[in-house]
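There are two complexes below, and they share subunit A, which is joined by subunit B in the first and by subunit C in the second.
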Partner chain A sequence: MAQPLVKKDDDRDEEADYSPFLGIEKGAVLQEARVFNDPQLDARRCSQVITKLLYLLNQGETFTKFEATEVFFAVTKLFQSRDIGLRRMVYLMIKELSPCADEVIIVTSSLMKDMNSRTDMYRANAIRVLCRITDGTLLTQIERYLKQAIVDKNPVVASAALVSGIHLLQTTPEIVKRWSNEVQEAVQSRAALVQFHALALLHQIRQNDRLAVSKLVTSLTKGSVRSPLAQCLLIRYTSQVIRESGVNTQTGDRPFYDYLEGCLRHKAEMVIFEAARAITELSNVTTRELTPAITVLQLFLSSSKPVLRFAAVRTLNKVAMTHPMAVTNCNIDMESLISDQNRSIATLAITTLLKTGNESSVDRLMKQITSFMSDIADEFKIVVVEAIRSLCLKFPLKYRSLMNFLSSILREEGGFEFKKAIVDSIVILIRDIPDAKESGLLHLCEFIEDCEFTYLSTQILHFLGNEGPKTSDPSKYIRYIYNRVILENATVRASAVSTLAKFGAMIDSLKPRIFVLLRRCLFDTDDEVRDRATLYLNTLGDGSVSETDKDVKEFLFGSLDVPLTNMETSLKNYIQDPTEEPFDINSVPKEVKSQPLAEKKAPGKKPTGLGAPPSAPTSTDDAYERLLSSIPEFASFGKLFKSSAPVELTESETEYAVNVVKHIFDRHVVFQYNCTNTIPEQLLENVTVIVDASEAEEFSEVGTKPLRSLPYDTPAQTFVAFEKPEGVPAVGKFSNMLRFTVKEVDPSTGEAEDDGVEDEYQLEDFEVAAADYILKVGVSNFKNAWESMGADSERIDEYGLGPRESLTEAVNAVINLLGMQPCEGTEVVPSNSRSHTCLLSGVYIGNMKVLVRLSFGIDGTKEVAMKLAVRSEDENVSDAIHEIVASG
Partner chain B sequence: MLLAVLIANSEGNILVERFNGVPAEERLHWRSFLVKLGADNLRGVKNEELLVANHKSVYIVYTVLGDVSIFVVGKDEYDELALSEAIFVITSALKDVCGKPPTERLFLDKYGKICLCLDEIVWKGLLENTDKDRIKRLIRLKPPTEF
Partner chain C sequence: MATFLSQEACPTIKNILLLDSEGKRVAVKYYSDDWPTNSAKLAFEKSIFTKTQKTNARTEAEITMLENNIIVYKFVQDLYFFVTGGDDENELILATVLQGFFDAVTLLLRNNVEQREALENLDLILLCLDEIVDGGIVLETDGSIIAGKVATHNMDDGAPLSEQTISQALATAREHLTRSLLR
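So, the complex of A and B:
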């Protein structure tokens, strides 16, 4: 039936069934491109064809070498046309085609002509095109014109030359660096954009010369920078100079702070924000310095522009990590952002609030979050779960409501990463907060009753096997475990069998009943499940072969002492060559292979997973312990007491990045140097660190483990071990020199030359301090722990800490000196308070529990006094803590 | 660095994409990520209302204008604020060329001009021109008025 005739409303209806590029096809367009060769050029038609070509390119269509060359040659013919619109299209088309070196020659003369044209706009565009397609040799020919262009009075020409300079600096720095004087002149330009581009280029030219950058900043911060974009750049460069110069020790002033503060009153929001962020990122920023920046950020929180709200809350979120009290003033504004339409903003607001909140606000906050959780995506939920985990570790007494929250979201719909984040969090909370263990385990049990992820079920079953038998009523978990044997897939069933065996091994009273259950598993359809059941029945003593109790526990609970990846490789090799000999686990190498950098520097590798949690809930300490025990030289050092956080020994972005982890044993220390080679053209071999311990008298070197090879971007470790007096917290300073053989690598083939050159690289010094001998171990209820420790071992003394910036600074200084775990959130000092009590807990070397109660007071002249009360399992330890403070 | 400018229609088909400093093998990944981001969040959003997201040190600012959605991705100095500046220039240039928030058809009709505008705004990952009137003149090879 014919459609009723409807009056067409301009282009509305047509467009639904007709697009100008409908049915566009590469071959046809290439045919059409022949019009470029016509002796009488039709400019309009040529422009249309170029548009089609651009559309194809933008759709991801590629041209073969032949096609591209053909089009390129045809396009160059269009230089004959005097049509301005077409010329503009031609410039763009040449850039898009990016012809190869031997073709470029065809257009250079036309472009050089345009570059000297009296029409400014031809000049600007020709510069851009030439710089895009040119190589170093041509650049020397046109350098003179480019230098002139930089100071051209037409801002478009100047900008074109400057932006080209920024790009060319990457490929031919030696030439661009010669333009310094012209660029310097352009920085003074009255045109805003020219100034912006010139400043960026000048800074890039001089970025390795600290003095020059400092001079640049000094002169420009006094003058007037017109464009807000240039002002933002200047703020960045200024903060770089501040970072490198430090605080004036006499006056306590920070250079350029006044400039940054002045920018907070700029009319452009972009500049205000940049200045505020620069201030918040100053090292050791004081509350006084921070306040004006926080105030403007707070105003941005209620801005109508989402980008400003996002920027402000993101910055405040970072500040909250280091200065939670400074951000509390913004809490009310932040709470209103929880309902922000933009989920990124809402999530940042929530996680900031979780960081700044105090114990009393936890419950209220949890209520708000509960309603918020249902309508955000998984990646945001993961961020919230991680924030809640840290909150719970900070306020252990609140574990009940936080754990309930975690378990309730565990029951909701969600993907694997989200569920895994929750399970990991519950596991960590169970480990760190003993009171939370029973309820946490039950939540996990309920979860596996209806869990669709095999990985999580097996992980929970494994954890349950280790922790469940140590609870007050282990039998209540059996039901959940045996349900898995009945209901789940083979992998989970096998895991459940192992877990049942662990209960049987640990609890004699349960053993007969476990045997009944395991015997039922002998009829399972899966080989692995039956094998495991048979194996455990025999090891536990139900069969003919029974092991001693110790062997059984060792077998069930001991960890595999070889890295799993090595095991996998060895097994694969074993299967490949059929042999009569049984597989020998001792043949598996124990050395941990270096892992390539987990996170590539290139962006967009995996943009969906917003900060996924670590893959398994094993702590880094476990990993270190396994690593060290796999090295024969260090295997005899006994149990690892503590591993420090990595201390950087090089500045960022140097040729070789090295940090050190200090491993403390009873009679030894081992320094693990994590090295990364950031130069693609080099391979380092025989890498060692030469340690000078002349300022660490009690230490004597006993061994090193060199690193055989250190390829580009593949971190690996070398070790140096020292002996020290047993149980004594010996301290000292160590100087380090990286020594290695360097070999050139051909980047195209990746092969290294045979001959290398010995070289050295100076690293920073580091110290072994008293805090390295104290483990951060929290207690959930400090008062109970303190009272149960008894007053006999208590040692009390008073100390004057001298003038301090603030009470917070004094509290942090003492916490860092002792390296103990702050309890119950007492590391946070309420603003304006004149006294504060901080509770610390830890384990001293020799496995001695120690608790510390610090009472601080500050007077009008900022003099801080401190009362230190220590209780410990051994009074000598209490004395030792006092000694640390007295000598610190 | 301004890593990407991407313009898609309401069904998520790419109309224009310009990457800078993003390896070819990662482009497809970015394309689908951005299109999904738009599909999840842009429904019911007003013209030119900016949305923002970040992943580690990479920022994304995006919006709708008529029938098309526009995404800009940046890192380092091109943070959310610099990107909002860039997207503002892009949207105003688009409105200028099309005379109104474009329908998909109108956008395609003006495709050549739009490519020229983008060429003036972003040059190999750097913001070059920010004033729509100047851009309007530059794409016709006319010098800026203030000169």
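So, the complex of A and C:
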């Protein structure tokens, strides 16, 4: 359908030009608002002025505090008028102005009068306004009226009170919770919307009481819920109950599944969809349970309403991620959606098809998609590209057509994110499908010939440097790379120089030609480019056809074995205090810092009565290192290898809370005891920990650092140091006794008595285990790292882990036992899977890299078996890892 | 402002927008904190308007996604109606709210659903928004009931619909609607 004619301002005629708000201006309207003060109120005029004020606010205009107060007071005068229309506008205005507490008092009595008015409209609206602006103290005054209103026979009044209750529950839950009897009654209301609001409020009141929610659902799923909205709510609550109760193990039936399935036959589409969606989201849903939901969604796919089609295809898309086979029945309907007018629907349809498609349908699909790609937005294109990437990994034989598709869209117009998605996909395909390497690299080469994004060019050049030399005919890439040196900006030129050098290092026969090219780069205008060229010319030898030194190759190809974030912090520190000393890369800590879990968006702004929340754990390693090196006794121990996470040595809520952090050095271990005194009437002095190391034969105590004074609620540390054989992962068990002098403190003055009593406090034992000698250090590409490690050091064995709760639990147990870094997200076990492979990497004491490949399998009786393959730089280390597992 | 709870919570509306043919505000109402400033709101309105302008939402309500929100929309003459919800919201509930808003406005403007008429009766539009959603929670979805609630407030003589009873008004409006659909 054609767009309506949008008339330009100047060719509108006199009449059309009129807008009631043309040339409206805040100052003038505020002047006009003086009519509110007239002794003889003109209701119509006043309404118009309020509309103008609301118009200004709606357009984003703001009032100063003074102006707002002025308007507010003027508006309160209008309660004198008996005009219903004007009163409604007054209500709106008060809500928009959101007055402060002392202003609220002024309107409270007027609103409370309206709340008890005989006019239903007044009652309903006054409740909503008052609850919006009120605070807790006022609420107790009006609580009685609100309870009455909830069971009012006028549905509008009841709804107003219930909805207000839902909002108030966030701020003053204790009051709203007292209304549950009335709310319960309202759930039985015959008015559809009242039932909906009552159900929402009742559930929120009881949401922390699982039993109550379960009862509520049980009774309502049998009864009659009238409005579709309330039915949707009930479906949501039902799936919550299902989630918490689990499957009945005897019959394999799910409680309430029948109710959900029944809702699929409801007359409102809203309810049908809500139920279908709920079924698809059940955990561990079976095909049998899924089928009826898929069937109704399939019907929606051919609806005339775009919203229905969208909802259905979006849900099916999600189902396809976990149960691709269940969705295949819809493929024909889905294919017709590729040409849907609504591009969101078309994109979802395509990506679903890509997930469910089989090998034979790939070519046909690609043809359809190609015609479709040109007229969708970048964000959709990215979704398609990602879907194609996973399809290609699923059907590696089809790489040719998929790679062609990727390269053709790479040549089309598009923004950075889109191009990056394509390049990433091609890179992944090259890495995982060996056959695709040559054609993929050539596509990338062609792309950088005309690439406007420096970031992508440098990424591709780097990748080319690593992969290009391994192809059958490396020389053909040289031209593309050298073109960059001639044509591009300095950043790209510099990375092109590095890439050239890599070719030179790897392919001896190409070396003389590379040297010619590198020498030309010596005349570049940019410092970095010249520096790199000079560096490589000097490291690669004399330019003759000769083998490159191993060290040089290591220099060119070796990865930086420190995490980049740590590198960044160290460099920043280095810059901060100027020094003559050169930066030492060995001073950068290698431990991967665990990212603090992103805090979930807290629901609402709940005032926390307990003061500030405990601060997130800061980067502890740096702090430890600084702390330890500041203690002279320990300064000679050398570089800190690893600090463990704190191990609690006391139960929570005991008199003294103590935990220990194990610091591992090459020849020493230091135990840091963090002590907290939780008794206000006591002051502890000369606090030490007496360690019994009789079960840790290889350790001998070399020193302690007592804690002079430990006042109430101020954590402090005492240390004990042990010597151990160098580089050996000595293990052992340590038992601990806290010894101190306790002095009574007068709680009123805070002064301690002079005399103290010696006392002891038994702490729990802890162990130094093998995992304490392994650093969590990740690798970016496990496969490459694994292959480069070589099979000589590999040690493989199988272990039975006995019956376990789940595969996830078993995987986590082994990861914790080894204390290594999971790679490539393999610590996550997909639900329902019966086997899993987990990749770990780490650095063993003595700076030995270790890689571990764990294969788990679980059988029907939950017996878990594990195959452990270890590769490391030293076969003794591989054996040591096996020993850890065997003894763990 | 609405508080957004977990997925089990009540369906929540993030905003309702009524824009003109240039994407400018006629009346808007935000219920969530997702767009804290006026400029953030304006930016959202601009991007959603640009994104949907080329689509045809004149016969059936259309739907799209933007910034992890689902937006259902419908256009009539030079008025553009939008309802936004979170991305795990039931699309059909949003569509029902949109339809309720749209029907109510159609009734209140006596079928002259266009920008000038809307601005001239802005008070009705604002009251209408107030009656559909309260702090993000759906109050009422039936267009005729919403219009009825708004219209009862206008008992003064010059106001629209005063001479007609609600049922009459609805009858005429339905008639108009059917006719416009058959056309």
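In this text, the second predicted complex is superposed on the first by the 537 of 888 C-alpha atoms of A that agree within 3 Å, B and C clash if a C-alpha of one lies under 4 Å from a C-alpha of the other, contacts with A are read in each partner's own complex, and residues count from 1 in each chain.
Here is the rule we go by: a contact is a pair of C-beta atoms (placed from the backbone, for glycine too) under 8 Å apart; a residue touches a chain by one contact, two chains touch by 3 or more.
Computed from a predicted structure; not experimentally measured.
Asker: Superpose on subunit A as described above, then tell me if subunit B and subunit C fit or clash.
Answerer: clash
Asker: Taking the superposition on A as described, I'd like to know which of subunit B and subunit C A:Ala791 touches: first, second, both or neither.
Answerer: neither
Asker: Should A:Asn154 be classified as contacting the first partner (subunit B), the second (subunit C), both, or neither?
Answerer: first
Asker: Go through the superposed model and pick first if A:Val757 touches only subunit B, second if only subunit C, both, or neither.
Answerer: neither
Asker: If we overlay the two complexes on their shared chain A, which of subunit B and subunit C does A:Met121 touch? Say first, second, both or neither.
Answerer: The answer is both, since A:Met121 touches subunit B and subunit C.
Asker: If you stack the two complexes on chain A, which partner ends up touching A:Gln240: first (subunit B), second (subunit C), both, or neither?
Answerer: second
Asker: Which partner does A:Leu211 contact after superposing on A: first (subunit B), second (subunit C), both, neither?
Answerer: neither
Asker: For A:Leu564, select first, second, both or neither according to whether it touches subunit B, subunit C, the two together, or no partner.
Answerer: neither
Asker: Under the contact rule defined above, give the subunit A residues that sit at the interface with subunit B and also at the interface with subunit C.
Answerer: 18-21, 47, 50-51, 54-55, 58-60, 84-85, 87-89, 92, 95, 121, 128, 132, 156, 159-160, 163, 166-167, 193, 197, 200, 229, 232-233, 236, 269-270, 273-274, 305-308, 310-311, 314, 342, 344, 377, 603-604.
Asker: Flag every residue of subunit A that touches subunit C in the complex, lowest number first.
Answerer: 1, 4, 6, 16, 18-21, 43-44, 47, 50-51, 54-55, 58-60, 62, 83-89, 92, 95, 121, 128, 132, 156, 159-160, 163-164, 166-167, 170, 193, 196-197, 200, 203-204, 207, 228-229, 232-233, 236-237, 239-240, 269-270, 273-274, 277, 304-308, 310-311, 314, 341-342, 344, 377, 603-604
Asker: Quick one: in the complex, what on subunit B touches subunit A?
Answerer: Checking each residue of subunit B against subunit A gives 3, 14-18, 22-23, 26, 29-30, 33, 40-41, 49-58, 61, 73, 75, 77, 79-85, 103-106, 108-109, 111-112, 115-116, 119, 123-124, 126-130, 134, 138-144, 146-147.
Asker: Under the touch definition given earlier, write down the residues of subunit C that touch subunit A in their complex.
Answerer: Of all residues in subunit C, those touching subunit A are 2-11, 21-22, 25, 27-28, 38, 41-42, 51, 55-56, 58-65, 72, 77-78, 90-96, 116, 119-120, 122-123, 126-127, 130, 134-135, 137-141, 149, 152-156, 158-159.
Asker: So in the complex, which bits of subunit A are touching subunit B?
Answerer: Interface residues on subunit A, with respect to subunit B: 11-12, 14-15, 18-21, 47-48, 50-51, 54-55, 58-60, 84-85, 87-89, 92, 95, 119-122, 125, 128, 132, 153-156, 159-160, 163, 166-167, 191, 193, 197, 200, 229, 232-233, 236, 269-270, 273-274, 305-308, 310-311, 314, 342-345, 377, 602-605, 607-608, 610-611.
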